[in-house]
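Encoded as structure tokens, here's the structure I'll be asking about.
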Amino acid sequence: MHLGNLASLTFFLPELAVTATILLLILVHVAGKSRYSAAPALLSLAGVGAALLLVALQPASPGRLLFEGMVALDGFAIFFKALTALATIVVIFMSMESRDLAGRTQTEYYVFLLSVLLGMFLLAASTDIVMLYLALELVSIPSYLLAGYLKGKESSTEAAMKYVVYGATASGVMIYGFSLLYGLTGTTQMAEIGRALAAGKAPLPVFLAAAMVTVGFGFKIAAVPFHMWSPDVYEGAPTPVTAFLSVGPKAAGFAVLVRFFYTVFASPDAAAGMWKLPPSVDWTLLFGVLSAVTMSVGNLVAINQNNVKRLLAYSSIAHAGYMLMGFVLLTPAGLKAILFYLVVYLFMNLGAFYVVVLVANGTGSEDIADYSGLGRRAPFAAVSLAIFLFALTGIPPFSGFIGKVYLFAEVINRGVYWLAVVAALNSVVSLYYYARIVKVMFLEDPKESAELPVPAFPRAVLSLLAIPTLVLGIYWEPVARVAANSVRLLAF
Amino acid sequence: MIRYAYIIPLLPLLAFFVNIAVGRRLPRKGDWVSIAAIGAGLAMSIAIFFEVFRIHDPNFKYHIVYPWLDIGGRFVVKAGILVDNLTAVMLVVVTGVSTLVHIFSVGYMHGDPRYSRFFAYLSVFSFSMLGLVLAESFFFIYIFWELVGVASYLLIGFWFEKKSAADACKKAFIVNRIGDFGFLIGFLILYSATGVLGYDEVFQGISEGKVAGTLLTLAGIGIFCGAIGKSAQFPLHVWLPDAMEGPTPVSALIHAATMVAAGVYLVGRVYPIFTPDAFLVIAYIGLLTLFISATIALASRDIKKVLAYSTCSQLGFMIMGLGVGGFTAGLLHLTTHAAFKACLFLGSGSVIHAVHSQDIFEMGGLWKKMKITAATFIIATLAIAGVPGFSGFYSKDMILAAALEFGMRHPQHMIIFVVTLFTAGMTAFYMFRLVILTFFGKPRDHHKYDHAHESPPNMSVPLVILAVLSFAFWFKAPLAEKGWFEVLVPKPASAVSASFAVPANAGLSAEAPAGAKGEHDLHLAHKAHTIAMYSSVGVAGLGILLAFGIYMLGWVDPDKVAAKFPRLHDFLVNKWYFDELYEATAVNGTKALSRALAWFDLHVVDGLVNLCAQVAVWVSFLAGKFDNAVVDGAVNGVATVTIESGSFFRRFQTGKLYHYVYILAGGVLIIYLVKAF
Amino acid sequence: MGFIDRHILSLMTFLPLAGAAVILCMPKGKDNIVKTIAAVASFLPIPLAVRLWGAFDQTVAGVNVENQFQFVEHYSWIPSINVEYFMGADGISMPMLILTAIVSFLAVIGSWGIQKQIKGYMALFLLLETGMMGVFASLDFFLFYVFWEVMLLPMYFLIGIWGGPRREYAAIKFFLYTLLGSVLMLIVMLALYFNSINPETGGHTFNMLHYMQQSTHNAWLKGFDVRILLFLGLFIGFAIKVPLFPFHTWLPDAHVEAPTAISVILAGILLKMGTYGLMRISFPIFPDVTKWFVIPMAVLGVINIVYGALCAMAQSDLKKMVAYSSVSHMGFCLLGMAALTPAGMVGASFQMFSHGMITSMLFFLVGVVYDRAHHRDIDGFGGLGAVVPVYTFFVTVAFFASLGLPGFSGFIAEAMVFIGSFGPLKTFVIIGASGIIIVAAFHLWALQRVFLGPLNPKYAQLEEINAREIFCLTPLALMTLFFGVYPMPVLNLMNTSLVRLVDVVKMVM
Amino acid sequence: MGLDKLLVISAALFCCGLYAILTRRNAVAVLMGVELILNAANINFVAFSHYVSRVIGGQIFAVFVIVLAAAEAAVALAIFLRMYATTGTVEIDAADQLKG
């Protein structure tokens, strides 16, 4: 069911809410200096909160396309909207605490943040490659600015520069790929592209196009070999931005990756879970290798890092690799695993970054060595960080384990054992560097004995991140069901 | 009373627990608890003995069996006791010697700081030994077998502050364990073949042919290995002389009368399982032992060491006797030996107690100072030397007769008799050498002589009792055709059916069981007996005479003889260098192996993955990280590989943007090439 | 009583966790209250274990028959992937549950002297106990796996924070090694999940007992090559825990660096999980592969016995010696299991139980002397027997128990292993049995160097073992002795099940 | 002018752009390379729109690309400007603080 532009607006309320908030922020900024420095943060919080609420209230129905088939309103889109909105809320909390950002103009920061959110909303929902490209750039361009937000800091500028050049190149390659696809099928509607491809032949150009598109998506999810920007950008960017980039755009990147490939390349027989496109290429093997290489490189390089932020950057590359496991077979179960993993990843990864922000506030350092004795100096933060790190490792009873089980499960179910083994060994490797932080925090004596105070508000936020990380490791049925439903409702 | 036989071992066990727990706080430090326990045991044993004696049935057997282990009926071990004539005799021997040693110890150990502990250990030994005697299955005899070993360990190491004692107890236990290993394998073979553990059941199984031939021989030799260890037979005899580091009553009880005889008892107990080949091994092991230890005893200066080697040698007699088919003879010698050897050891204890030395060349003339000790010692010596009228003569003569009979049947094995006879002479010689040097002649150390004194009654009374028991008439009325022992403990029928025996050795079967002897056999036996008797009396007399000649009358100066054959003398004084040999091979070998393996474990197994790591690192030798990786050691190997590969990938992250774009382009290219080819 | 009886396994598992939660809520500085809570929380499973023992019906086997399990708690947990909360006990798990209850409590008492961060220590310890109980009680593979992994975290911290000088290294080594084992297990678990069908619902299942019915397997899972690979995956996971040569090198480090009570738990209970896992999971699910793998298992078992003993002999660190002796003793378990005879299997299981007690004693005893002398160098002592007779007495008892002296439970176990394995595996038993000589040698050698001989004057004033330590040791010593003289109470618990297990393995093909 | 020729031109343009990105050290020049790639894509869109699709979807897409490229260029140039302000250069080689 295609809805016209006006009719669509009623189903577009979350996006409108975000847009309104952006405009409001600009207005407030232009209108004059607010007396409360926290005002823009609170305003955006309210806006995103409202958007989240509206998302939650949105009726999901399969096949409802808005704006003449530009945007889908299915469970999949709603899932990602909720996810990214939630991530944005946490990042706003984080930004309010971060000393990096203190004293700078706040409004623009939140305007960029919310713009990215808007882009992610559209990215997750877009069913037309024009919309997709637009949304992708809407995510990317403010991201460049966010990465370089620390004006005086050289590293921040460097990060922004690398990000923008790399991002522009990647999107350029992608758009060239899109142009080829368009030429092969004569349409910009993903579903129709898929149908046209299913009918047509010409495997080689299709493959070239697919490879080029993969560059763009790979850049967004930071999959090897398109990941090179991410460690530098993650390290140079302000920590809340790093946290945001490692969750939000990455999730949106997965959303679009899944939606695009699923719609365009997957066999209509969803249960079979087979790629319908050029059988001469072992797509499973290709993406399997991509996944294996991504997780291995991320984990191996992370071992030698001494900067926590950079370590987490590599870890998030590795996690992209894990999540790609769910993608290699393009089956609903695999996609469900990705969705589930993104939920738990949101909590554990943002939680880890949150602690990094708190520690940096106290010590001014992001070096692992400066975490020594954190277990004594700030037990609450240290225990929380330990929980997040072990969850990232994938050890029960934390949610990360369950996420991994789902990812492993589909791969094993379809008999891709080598990938499961690689991923399992990667888990062991990852323990090595995660545990290194834990070791420094708990097993080493503090260099300074002064306690690091963690105020009540961050404590509360940390708990809100830690408790789901723990609870989802023990009872995850509702989330699993939501993830399953979201996949099932994916519009074709 | 037989029904209550199981109480006999339990009494000392109770005494053990009492003494170990509260012994020190009891009046008299609890010695009476142990003595009462063993005394009651003795009374019961005697009662049982007389009951059995009254029944007077050679085939008498009394079983009590309870289920103990039961694995769903698929594996069953029963606990129980077996009382037959042999058991009854052994009970009396064990409880009797044990009681006397207990009493003796009251005086000997007086004032020791761990007095009550000593009695506790004696009790636990008595318990284990009695359990061993009463056991009715291979499984249980093995259990008690180990337990007596521990008791022996504890008692040898009783004065553990002495390094020599600490060494000796360890040595005793480990050497015994080596024998036990064989025992274990032996009974495992039997169990796996027959599926049962009780003696009679196993014999039944063997006679049904469930196990035969070489395997059965191996089983027999395996079980005999246990006896080799416990009865200090060649080549595991080395622990026994060292075990003399224990208090002397312990030496008397454990290392002379009872525990070391357990090996003999074991061989006797499982007699029916041995194949002719196994018997031959037994006979020759016994022969080697009796000869080697007798020669060592010739040159020893330590009163207890002489006795220890003589014990070894006598045990060799018994084992050899059993091996050549003299079942009754061997076991009879076990019984008689228990009395006179205990007497000798306690006597030596009395002497040591008096002069505080064990070197016989520091003694002399003690006859005047300690008449009871001397008299009893001499009586026992007469017995061991094989002088007619004493128990030793009676039993040893039977062994010689058996050996001769075996030699007459199988002339190629005549050497057994010859060597044994010669050794019997040596026995008389070195025992009288001991007596003469200790009790006669002039005191060689006047200081020690002056302080010497007769021991208190609680030490001398046991001596007297044991000496009295060293006369032959207890075992055989004078001029009687057969002693009661011969009647009551006849040779059991072999379970090894001839048809299952290895044909090649069929001719070498041991003598037929009693009662089945043909006319020819009877004649042969009689003839052998006569020759053996005269020759044994002859060599004994010769030995005694020689001893008197050399050490009393000074016909020859023994030192000069020693100087004339310095190599031989050194060889004997150094006990044939067995200790050195074992130290150099087995002990150091094991230690070296263990160190090597520990090194292997630390550096190779632990570093196994490390090894792969090192190979990988060699490849990346350019990085010059080799040292780090090697020094790192340990399982970090995996980590090393991982980290190294991390560094490898890390090098791509140069920070230079155009490198990144290269990689991006390269990635697309690779993906495309995958497709293209 | 009804509630308790219905949820007895859950209570045993989660009472310690509740204790940990309470401890975490305590304010700082209440060390004694924390210790008391920990003691109570770890004690409560003991009466429950007694109750369990009393109510256990020894005549039903369990193993692979669902309705023969006792104290079953079976609830749906995550219906969408059929994860169930499924606990139950049979003869394989009963001795381990009882052992865990006892040893954990004693270990808490043994930890009384911990000074540093007692709150965290006790909380982690109780979490560990929950993990251990859970492993032995769960019948759902997923649940089993969760508990299996849950133990890793507290163990890592307990070694890493409260351990010896090289604690950080030992802790991470332990962690990485065991995680490596368990991820393999995870893969096998998922492979089983997707290739077997719950006969009742038709869906996939994590229920171990379903995997044991060959009829639930699909064609792929019936392929022998596949089964071998899956079996090996599980086997390596369990072998690391046992630990079997050559996966054992984490053990000496972890045991030596861990604080006393944790060494006790490690050696006393954690090692048993490896062999328990083989009995509970590997053997019944892959009976055919088990039979195919008998010889390698026997080889590994024998290597463990002899190699472990020889390595122990070369150690100069008393604790390391004891650690290697565990390697040796666990070899007996494997040898017994490999034989696939009732006696061998029961012997192996009894060895697990017995070694749990004996090695706990040994580690406690090493801890006692280390607390006083602050080193464990065997050659650095000498003649202590004269100074500390009571301590010497306990050490002697423990050493003799450990070297397999009749009268102690270790002998029964080893003898049964030998008797059970001799039929099918003669050569291995003969080589393995030579281990008893080496085991005796290194125990006595150590005993001699530490306690016998002339007194080292440095330790003339050594403090005698105290009442609390005696309190820890006595129950273990008495149990070792009692079950060495009369093992039937424990054997009866496991007989029916283990005989069934042997039959299950042997019947196939 | 047929579709083939247009495609060749676009491919050549793409390669030129990529070459510029890979070889140029000046950030602005790299940005120009990106613009070339985008324009290569635009040529494709318009060409395909004309020859294949016969609807204007492709041409609209091209317009979008042009607009977004402008936005991207604006942001990129702003960032380069800031880089020039802090480091005094826009050579991308100079920016290698973040690595490893």
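For clarity, chains are labelled A, B, C and D in written order, and residue numbers in each chain start from 1.
Criterion: a residue touches a chain if its C-beta (ideal position, glycine included) is under 8 Å from a C-beta of that chain, and two chains touch if they have at least 3 such contacts.
Given the structure is predicted, the values throughout are model-derived calculations rather than measurements.
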Closest chain to the centre of mass proxy, which here is the mean CA position: C
Whole-Å gap between the CA centroids of chain A and chain B: 77
Chain A-chain C separation of Cα centroids, rounded to whole Å: 43
Rounded Å distance, chain A centre to chain D centre (Cα mean): 26
Centre distance in Å when chain B and chain D are each reduced to the mean of their C-alpha atoms: 95
Multi-chain contact residues (two or more partners), chain A: 161-162, 165, 169, 173, 231-232, 304, 432
Multi-partner residues of chain D (at least 2 other chains): 21, 30, 92, 95, 97-100
Shared-contact residues (touching 2 or more other chains) in chain C: 176
Touching chain combinations (by label order): A-B, A-C, A-D, B-C, B-D
Contact set on chain A toward chain D in their complex: 129-130, 133-134, 137, 140-141, 144-145, 148, 151-152, 154-155, 157-162, 164-165, 168-169, 171-173, 175-176, 178-180, 182-183, 186-188, 231-233, 235-236, 304-305, 310
Complex interface listing, chain A residues touching chain B: 161-162, 165-166, 169-170, 173, 204, 207-208, 211-212, 214-215, 218-219, 224-226, 228-229, 231-232, 278, 280-281, 286, 297, 300-304, 429, 432
Residues of chain B defined as touching chain C within the complex: 20, 68-72, 74-75, 139, 142-144, 146-147, 150, 153, 157, 160-163, 165-167, 169-170, 173-174, 177-178, 180-181, 184-185, 188-189, 191-192, 590-591, 593-595, 597-599, 601, 605-606, 608, 634-635, 638-639
Residues of chain C touching chain B in the complex: 169, 173, 176-177, 245-246, 248-250, 252, 307, 310-315, 341-343, 346, 383, 385-386, 393, 400, 405-407, 411-412, 415-416, 418-420, 422-423, 426, 429-430, 433-434, 436-438, 440-442, 444-445, 447-448, 451-455, 486-488, 491, 495-496, 498-499
Chain B-touching residues of chain D, taken from the complex the two chains share: 18, 21-23, 25, 30, 92-93, 95-100
